[in-house]
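The chains carry the letters A, B, C and D, assigned in the order they are written, with residues numbered from 1 in each.
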Amino acid sequence: MELGLVGLGKMGGNMRERIRRAGHTVIGYDRNADLADVHSLEELVGKLSGGPRVVWVMVPAGEPTQSTIDQLAELLEPGDVVVDGGNSRWTDDEKHAEELAAKGIGFVDCGVSGGVWGLENGYALMYGGDAENVAKVQPVFDALKPEGDFGSVHAGKVGAGHFAKMVHNGIEYAMMQAYAEGWELLEKADSVTDVREVFRSWQEGTVIRSWLLDLAVNALDEDEHLDGLRGYAQDSGEGRWTVEAAIDHAVPLPAITASLFARFASRQEDSPQMKMIAALRNQFGGHAVEKK
Amino acid sequence: MELGLVGLGKMGGNMRERIRRAGHTVIGYDRNADLADVHSLEELVGKLSGGPRVVWVMVPAGEPTQSTIDQLAELLEPGDVVVDGGNSRWTDDEKHAEELAAKGIGFVDCGVSGGVWGLENGYALMYGGDAENVAKVQPVFDALKPEGDFGSVHAGKVGAGHFAKMVHNGIEYAMMQAYAEGWELLEKADSVTDVREVFRSWQEGTVIRSWLLDLAVNALDEDEHLDGLRGYAQDSGEGRWTVEAAIDHAVPLPAITASLFARFASRQEDSPQMKMIAALRNQFGGHAVEKK
Amino acid sequence: MELGLVGLGKMGGNMRERIRRAGHTVIGYDRNADLADVHSLEELVGKLSGGPRVVWVMVPAGEPTQSTIDQLAELLEPGDVVVDGGNSRWTDDEKHAEELAAKGIGFVDCGVSGGVWGLENGYALMYGGDAENVAKVQPVFDALKPEGDFGSVHAGKVGAGHFAKMVHNGIEYAMMQAYAEGWELLEKADSVTDVREVFRSWQEGTVIRSWLLDLAVNALDEDEHLDGLRGYAQDSGEGRWTVEAAIDHAVPLPAITASLFARFASRQEDSPQMKMIAALRNQFGGHAVEKK
Amino acid sequence: MELGLVGLGKMGGNMRERIRRAGHTVIGYDRNADLADVHSLEELVGKLSGGPRVVWVMVPAGEPTQSTIDQLAELLEPGDVVVDGGNSRWTDDEKHAEELAAKGIGFVDCGVSGGVWGLENGYALMYGGDAENVAKVQPVFDALKPEGDFGSVHAGKVGAGHFAKMVHNGIEYAMMQAYAEGWELLEKADSVTDVREVFRSWQEGTVIRSWLLDLAVNALDEDEHLDGLRGYAQDSGEGRWTVEAAIDHAVPLPAITASLFARFASRQEDSPQMKMIAALRNQFGGHAVEKK
């Protein structure tokens, strides 16, 4: 089939390549002309043959996605479908679906996991929308997903794809935190003389074997005690949204939230709240404080 | 080689089988005569040929392990080795090693992971002790471990095996909690119509694929919404020890500790601390309380 | 001075009484005619003499507050001031301020603390807005606040009042949780034979003496072990907003968030996430599960 | 009455003064001869008149307390009483009681709160032991405690005093953390222009007024944004013991534990666990890491 693909960055570019390898035609547009197959969204839409056209948007969440969808709402025709494969918040999806539905255009939201490994191993896909619209995109989903029985799912209505991907990332935060906490504790134990080999051994036969564990071993092979790194971790937004969604539904998420807060704390040069703790200890107990 | 194996319960019995399949001789003792090859520890030790004898203790931590080791200290001879493969706290290991060393007997501690899957897939092993003692047990370790490059590790000095296994279990707690939190949140989302299929799809191509995820899919295949279960989870002790070890080393473990506390709370019919919260809200705000 | 007061429920009714005791004129409106001094907002505004009129809105956050402000925007005149003393989210305040400013009407947001004790002890007030508008309300603030040097503050710009009150409530959550955790632990200790007397003694000379502690003692005097209560705690919304504000600012709030999650969990008949934990333990270890 | 007091540091010295002001005789011993009234424990015991003698031990927990009690066991006579007023772990108390009981000597454990304020305001006291032994110390308890109805309690059996004091400190940790989290969030809010005045105003009429809040205001008066301090907080041991006691009793303590972990994290130059998070993000997503 033919696909219009908007956004050819690290993710989008590799996805174009994987879809093409599966035998489909991809016409890609990017603001960076060096990456693009066409010079404009108009040209992209024009080059897609009639019949229901499918345009996959793979640009940053927020304004870039919104303005792309606004333009596609003008350029596409009833029966066409827009896929938002970016990291949009699930709460944006219904709004986008309504805007496009007003023109008779379908909408599918798709959470994409895979990172730098996706081109070769395939991308895990979670998508939401009406069956009719999903069906028009199905060949592309099939091209992108990993081989085998798993890796893609029609998760539900519009918004379900991004919601499922968001929860995936929330789980990811807590799993990473789990290994990180365990690693730090092992590094502190006097009796354990080779933490890296412990992690390596866990790759078979244990309850905690996983792909993330394999990556941890890779990282330790590059730098056994991670001496070269700072303990400083960004968060992508999806961890925050997971906690916010949990609050909306009154679901307690202690481990995922602890993982998010650990990242927040890691980015503070000095902790304001711990200054207050130090100040209070000094007030009531005369405990020494560390001056700057 | 020959191995004396004390404790033939669910774990010990399967381990005997796996070691025998590898061609070794195992003489097993258990208080339950139906399971045992011999009638007493004395008989077990007597049946092991001369040369360094190896006896693997696979009984519950605490008193049962202690009394077994006490008896073996009397029965064995200098150069022999005792392996504690049970769930002993790492702080017991040094004590046991010293007690046996006073008689010239070696000691190796070994954390064993594998559960009901170990017989077929192999057991992950983490062991601690002097190289000389470990070497005497090595053929048994090789028989028990999974095939392939991973699954067993000489983690360090005496105590390192149980310490590493304890941390393994701590990580396990937080990973299970991660999936559990994500699952509950997905179940609450209106847009997501098939949570089980979302979990199933995650088994390939995602960052969070793991053996535990595979098990979660198995569980959901048996009972899609886990309607038949109570939200009630035991803890084995190793999660508690992990947190205590972290406190000893001043290592923050927020995700693992949250996972332990969630289990504690799951076992309370009614939460005393939340009664106090309700009472306080009533005191200052006149908020309604729920009477029993 | 004269004040128009909209909303005469538990809080608003007592506030009217306290303001009148200070010698001011209050004209109160409520949808419940039994409580009201006038029959409509129109009548309320009509009864306020010229000069800058001040109308205090004390109705539930969300739609009720919004529709009241919408009506007041039509009825009031340039130079008048609207105070939102309800539990609005701080993010609503700027919107309300702009809507009223378009008509030349001033806006002040005010967080009010005091509960059932406010009539006699005074209400703690945190307000936000331009100095000019605050000045027009000042006599009412002075009437409502507790005697003494403390209890009211001009916290900053529009929104600062509700933001400060929200943080006050977040702190309140964690303080209540602190006492509740300590109380539960003391109740479990074999050696401690009279937990209530321990709490009572803490009211002087300790680092943790506070008004909340006094209330805890009151509650224990009514029901020594809180046997008559269920461990079930509502949350008012402000705890949730506190966590959301923290996420917006990347501030870690582990204790406040733990307190919020404990309330969420207290309201679940059975914990879905702990069902998943039980199911996973059963899958890998053959551990028994509790069936419903 | 007469009291022997061992340990005349910051706490012990002020306590001697307060007891003397109440009209009692205090004979103090300290290793530092400049502080002491006598030159040895022998001399101290010898100077106490017959009748039941009471010796209050106020030295650091662990070895110093143990060796003092060992010596007193030799020097005192049946019917005498030893009070451990230091920060001993409650698990030590029963051991000390048994050691002394073997000589017919009584034992009372006493947790003391009051810090630098105790001399003037009195010390909060929580004590455990048999009524008979407590009665022999009662005049000293009455001298030390604050005026008024509160501030001292016979909490239960031997160990109950230190247990109650330990829980007091656990609650203190979470209350301090509550204010600290709220303060940091307010400092981040654009609309709030004077956080110190918000804190000051909370001292009356709010749900969260407390002595700790008063101290926070003092601290902010000395340094409005705590710019001169590092966000670095020690922990005294009692927070750790509180969490360990909770684990023993399977009581979830999420807020207190979060407060303890925040202190641990505050003392790390760089967080090992966050290095692992950074390393994993780099592995799967190609996310940039910060090199040292």
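Here is the rule we go by: a contact is a pair of C-beta atoms (placed from the backbone, for glycine too) under 8 Å apart; a residue touches a chain by one contact, two chains touch by 3 or more.
Because the structure is a prediction, the values reported are computed rather than measured.
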Shortest chain-hopping distance from subunit B out to subunit C: 1
B-D or A-D - the one linked by more C-beta pairs in contact: A-D
Greatest separation from subunit C - chain, by CA centre: B
Interface copy of B-C among A-D, A-C or C-D, judged by whether over half of the contact pairs recur: A-D
Rotational angle, Cα trace of subunit C fitted to subunit D, multiple of 5°: 180
Centroid distance [mean C-alpha coordinates] between subunit B and subunit A, Å: 33
Averaged-CA centre spacing for the pair subunit D and subunit A, given as whole angstrom: 47
Whole-Å separation of chain centres (CA-atom averages), subunit B against subunit D: 37
Set of subunit D residues in contact with two or more other chains: 115, 177, 179, 181, 184, 207, 212, 251-254, 258, 261-262, 265, 273, 284
Subunit A partner contacts - residues on subunit B that touch it in the complex: 90, 113-115, 118, 121-126, 128, 145-160, 163-164, 167-175, 177-179, 181-182, 184-186, 188-194, 197-198, 200-213, 242, 245-246, 249, 251-256, 258-259, 261-262
Residues of subunit B touching subunit C in the complex: 10, 115-117, 176-177, 179-181, 183-184, 187, 212, 215-216, 218-220, 223, 226-234, 254, 258, 262-263, 265-266, 268, 270-287, 289-292
Subunit D contact footprint on subunit B (complex, rising order): 207, 240, 243-244, 247, 250-254, 257-258, 260-262, 264-265, 267, 273, 284
